[in-house]
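Two complexes come next, and they have one chain in common, subunit A, joined by subunit B in the first and subunit C in the second.
So, the complex of A and B:
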C-alpha cells in the first residue's frame, strides 16, 4: 500500500500564511478548478445549462460570478474557469461535464494552479509593483489575466482589500517570492 | 506599445506575441487542382508594405485570443484591432 501524502503548491504540509506589515498572503489549497470552453455556437446553451442546474450564471468579459458553493471567472471568449470547494467537489470536472454534455469541453485544472489570497490595506501599492494590470480601477468581482513575476496569472479582486492570485502551480514558489518581495517593499 | 483589445481594452504589448501577416488566415483549399502552387504562395510569398499592414497577434498572457491588428509600419500607429475569429467568420460568409 502506497503511503501518499498530499503537499501544498509550496511543498508544505499545511498552507503557508505570511504577514508583512499590513499585508497577509495566504496559500489557498481548498478549491477545485475546472475550465469550461463552449463549443462552436454553443455558448448560450452552456450558460443556460449551468444556470438551470447549479444556478451559476457565467460571467461577462473580465468579470466573475458566484453561486455558493460555485464561483466562475471569465478566461477568454466563451471560456470560463469554475471553482468549488475541493472537499465537496473533488470531481468538479466530471460533475460539470455531466451538466454541459456536448455543448462544452471541460478540463480538470485543480492541480495546474496555485492560489494566493492577498489581503490588507495597500493592496494596490503591492500589485502595481508586481504587474501592469490597472488594479486601482478594478472593482470587486473583476478578474484580469496578466503577468506578474514573469508568470501568467489571474488577478481576481474579491473585495476592496482582498485579491486572489491564481498562477501556475509549478512556479508557485516564484510567484510567492514575487508577492513577498512586493509586500516587503511597501511595508 | 499599447494594443487596444476589442474585448479587454488597452493592454500592454508585452502580453502579446506576434505571428505575422494576417493573410495566414486565408489557408488555400488542399483539394484544389493547383493546391501545391497555392500552398507555396501561402507559405512563402508576403507583401512587405511601408505603411498599413494587417498582422496576427496572440494575447498569450491574457485571454488567449488571436487578433488581427492593422498597424502602420512606418509610424507604428495601430489603426484597428479585431478578433481574428470575427474576421475569419466574416470572410467565410463572404466567400459562400
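So, the complex of A and C:
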C-alpha cells in the first residue's frame, strides 16, 4: 500500500458535510470514475460486454443505470461515465478496459470530478437557482449534463430528495459555494 | 399627523399600523399601502419635481407606469433612486426622500427653469451647446447632467445579496388580473405546469381596484378564492412581486422577483431580489391596460391623477388625493370614479366630459361637451378652469382632478421581438399586431378587450387554446358574471390651443415640443422620440406615447394608424444591476480553479496569480525577502543548481484514444506523430486553418492507440474544442475518442541537475529511470511511494535535466509533500510561474507571448515542423507567399548592450540609426526577464530576417515612455543551446 495521503476536492482530510435548513450537502469521495467511449461501430459490442460481464446496461440520453456496485451516466454520443466505489475499485479504468478490450476507449476520470450529494426537502427550489436543467421534471434515475455556476456538471437525480452533482474537481470550492448560497436562499 | 384623506373600507390592514418618513417627516400608514397611497392618505400630494423644469409633481397613476412620483428610497448602501412611490410597498420604518430638488421639495431653486421654458424646448441642447465644440465634453455636458437627472446614487456598496435562477413551465401567465386568473384556473385545473406572475404585491389587477366589477361577488373575494385554489395546486407557481420584464428568444422570459423589497432589510443570507429566466412553452400576456392622460394647459399639477388611479386609491387603498375631486374624461369608464368617490363621501363638483352626448350620472352635474382649459395651484391643484360647450369659462374649486383619455392595451412585452402594434379604431388605441414572440398569446385588456367579462372569458379561452397546442386538454372553468358594457369613448387627445400641456410627464415633453419637432421636420415617430426625448427614461412612455402620436398625426394631417408607433424594448420596468449580477459578484464573479498543491502552497505563503480561472503560485517568498525578484532569482538559481518543483497541473491534458489516434494527431498537428514510438514524447505545433501558429505542447504515446496531449494552460479548452470539431466535423470517419483529463491528474515539473536523484527516492525501485533506461523525451506508466500509479515524462521546459510526474489528483497534495521531504537533502525549492517564465526565456522556449495569433511556424523558427509529407490543418495556407518572405520575422534573443539596462516586453525594435516610426519598424519584444544566471536583463522577440542578423545592434524603443535601449540580437537559446543539460 502506498503511503500518500489523499485530500478531498475541498482540500480536507475528510469529506465535508453542511446542513442548511432542510438541505444537507455532502462531499462524496468514495467514487471511482472512468469514461467509456465506444470505438467506431462498436457501441453494441460495448453494451453487450458490460451487460454480460458486470450486468450494467448502459443508459440512454439523459439517463443513468445501476448494477451494484456499478453505475453509469450517459455522457455523450456513445460515451458513458461508469462509476463504482473508490476504495474497492480504485483501478476502475483498467478493470473496464479488460472487459471492453478494443471495442471502447476507456479513460480514468476519478479525480477529474468532485461530487456533492444534496439531500432534503426543497431540492428543486435549490437547483433551479443553479442550473437551467428542468429539475422539477427530472425523475429518479435521470442524469443531465448541464451547467451550474458557469461550470459543466452532471445532475444525477437519485431520489425525490437526493441529487448528486458532479463537477470539475479544481472548481469544487466554487461549486460548493454556489450550493451553499442557494441553500441559504431557500432555507 | 392624522390620515386626513383616509377613507373607509379598502384592502389595507388597519390592525397593522406602519410608521414611515418622507423628507424626514413622520407619517403613519397601514399594511397593504404603497408609499404613494399612504402619502395621499396623509394629505400629501407633492412628491417630486419634474426632470427638466423642476415642476412640482404628485402621483399621476397607481402603478408601475408612474412618471412623476419618483423618490429615493432607503439610505446608505441601500439607497435606491428613482423608485416609484406608487409601487413601493409600505413597511414599518420606511424612509423616503424626494429628489431632483434643492434645497427642499417645496422651495426648489432649479424651478427657475420653468420660467425659461420658452428657451428650454425640444432640441435646446442640440442648438445651444454647439459652439465651441471643445466645451461640450468638459463644460456643457457636466453642467447639463448635474442640472437634469433624477435621483442620485449612494456611491456605497450594496450590502444585499441577489440571486438568480431558472424556471420551466407549459404556460407562463403574465398578469394576475381577471384575464390571468381565469387562465391560471383553467390551466391549473387541466394539470399543466403554470407560472402566474404579477408585478403587484397583491394579485387581482383591476378586480381589487373596482367596485362592482363582478355581478354577484366582490372582486377581492373572488380573487382570494381563486388564489386559494391556485395555491393548493402543485402544478401552479404563483409569483406576486414578480415583474416579467422581457420577452426573449424561444419562449424565454426574464423576470425579477422582489423577495425582500417590502422589508426594511432582507433576512441574513436571503436574497433581496431574484432574477428568473423562465423557459415557457406558451406565454399569455394578460397585462391589462394603462390609462392615458389628456393634454391641457398645466395638466401636471400635484392632485391631477388618472381617473382609474383615483379609483384604485379610493377602493383598494381607502385613500383619496383630496376631499374635492373633479372628473375630466372622454369616456364612460371615468364616470365610475365619480360614483365611487361620491359613495365614500368625497365631493365631486362636476364631471367635465368632452362628449356632447355623454350620459348623465345621478347626483353629479355632467358638463357635456366641455373641456378643462387651465388649472391653478403652485404646489397642488386648487381649481380648474372649464370651457363649456357654449364657450363660457368657469372655475371649479377642487384639490384633485381625475382625468381619463381612454385606455391603451399594455402591450410592451408583445414588442420585444419587434412585433408592431396595429391601430384599433374601435377602442382608439394600439393593440398587439403580427410578429409576436414565439409561443406568445395575448388576452383581455392587453388585447383590447376592455370589459371584465371579456377579460375573464378571454383568459380562459386563451389558456384552453394554448394548452391545446401542447396536447393538453383543458376546458374553461366556471367564471363569475361580470360587467360587460361596451366601450363608449370619443377620441380626445388635447385641448386645442394648449401649449404647456404635458404629454410626457417624466421628460417634460409638452404639446408645444411636438409642434416644434413637426415644424423642424422631425415628423417620423422615431425622430419625434429622439428629438423630444418623448417616451424615454424609467417609465418608457407608458402614459405618453399615444398622446404624442395623436398630436403629431393631427399636425401632419395623417391618421394615427398612418403615423405609426414606436415599439418597446426590455426591460418593461427598471431592473437593478444587482439582480442581473445575482450571486456572481466580487470574488465569485467567475469560478476559481485550484491546483492540487494549492493548500500546501497556501501554507508556504505563496503569492498567487490568476491564469484564466486558475490560481497558480507565482512565487514563494521566504523570510527576509522583501522584493519579488529576490524570491524569483532564488527559485531560478536553486533549480538550476540543484532541483526545483513546480505545479504544472494547469496545462491541458487531453486523452486521445482509438485506432486512428495517430492519424488524427497527424491532422491536428503540423508535425508527424504516426511514427512516434510507444513510451516516447514529442513536441508538437498546432496551426490554425490560416497557417498561423495556434498552440504547442508535448504529446506522449502510452500505447499504439493511446496518446496524452498536453496544451498550454490558457488554450486548454480552445484546443480541446478545436480537436472535437476536427473529430466530429472534419474527420467523422476516423476512429478516435477524446476526453479531457486535465483535472484528473496532479502533475509536477521536477527540474534541475538533481531531479533524477530526487525522483529516484520517490519512484518505486521496480522502475529504472536512469538516463539509459529512461532517456530524454521518454514517458511511462510507473508507481511511486510504494505502489501508487503514476505517469512519468522526461521533458523539460526549463532547459534542465527535468521530468514531469503525474499522480491521481487526490494524491497531489501528498506527492508535493513527499517530494519536498525527499528533496531536503538536495535543498529542493518550490518554484512559481515567475521562475518558470524566467527559465523558459533563458532557454528560448516560446509561450503564448510568442504564439500570439500573428506568428507562423517560420517566425518561431519551427518551419521544419510543418511537415511537407503529410496534410494537416493549416499546412496549405502556411505556404502563402506573404508569410514566407526572406525578411519574415524570426524569433531571436535580445540582450542589452549595457547590462545595467533593461529589456522590456512590448517595445518595438528600430535600426541603430535612422528614424523611429512604424515604417522603419524592425520587430518587437514579446517576453523579457532578468536572468540571475546571466546576471542581465534578457528578452525574446521577433526581428525581420532575424536569423541572419546575429550580433547586430538595434534600438528598443518605447516612445510612450520615452525609453530607448540599445540591444544586441543573440540566439534565443541563452542557455545550453546544444541541450546537453536536458539529455544528461
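What we mean here is this: the second predicted complex is superposed on the first by the 184 of 187 C-alpha atoms of A that agree within 3 Å, B and C clash if a C-alpha of one lies under 4 Å from a C-alpha of the other, contacts with A are read in each partner's own complex, and residues count from 1 in each chain.
In the analysis below, a contact is a pair of C-beta atoms (placed from the backbone, for glycine too) under 8 Å apart; a residue touches a chain by one contact, two chains touch by 3 or more.
A quick note: this is a predicted structure, and the numbers were derived from the prediction, not measured.
Undergrad: For the overlaid complexes, name the partner, subunit B or subunit C, with more touching residues on subunit A.
TA: C
Undergrad: By the touch definition at the top of the document, which applies to A:132: first (subunit B), second (subunit C), both, or neither?
TA: In the superposed model, A:132 contacts both subunit B and subunit C.
Undergrad: Return first, second, both or neither, reflecting whether A:147 touches subunit B, subunit C, both chains, or no partner chain.
TA: Touch status of A:147: first partner only.
Undergrad: Touch check for A:62: first (subunit B), second (subunit C), both, or neither?
TA: Only subunit B is touched by A:62; subunit C is not.
Undergrad: Is A:52 in contact with subunit B, with subunit C, with both, or with neither (first, second, both, neither)?
TA: Neither subunit B nor subunit C is touched by A:52.
Undergrad: For subunit A, what residues appear in both contact lists, the one with subunit B and the one with subunit C?
TA: Of subunit A, residues 132 contact subunit B in one complex and subunit C in the other.
Undergrad: Enumerate the contact residues on subunit C facing subunit A in the complex.
TA: The contact residues of subunit C facing subunit A are 161, 163-168, 193, 269-271, 274, 277, 279, 583-584, 588, 590-595, 598-599, 613-614, 649, 655, 657-659, 705-706, 733, 735, 737, 739-746, 783-789, 807-811, 813-815, 818.
Undergrad: For subunit A, which residues count as touching subunit C in their complex?
TA: 1-9, 11, 29, 35, 37, 39-40, 79, 91, 102, 104-113, 128-134, 136-137, 149-151, 168-175, 177-178, 181-182, 184-185, 187
Undergrad: How about subunit B: which of its residues touch subunit A in the complex?
TA: It comes out as residues 7-8, 12, 14-15, 60-65, 83, 85.
Undergrad: For subunit A, which residues count as touching subunit B in their complex?
TA: 61-62, 74-77, 132, 144-147, 152
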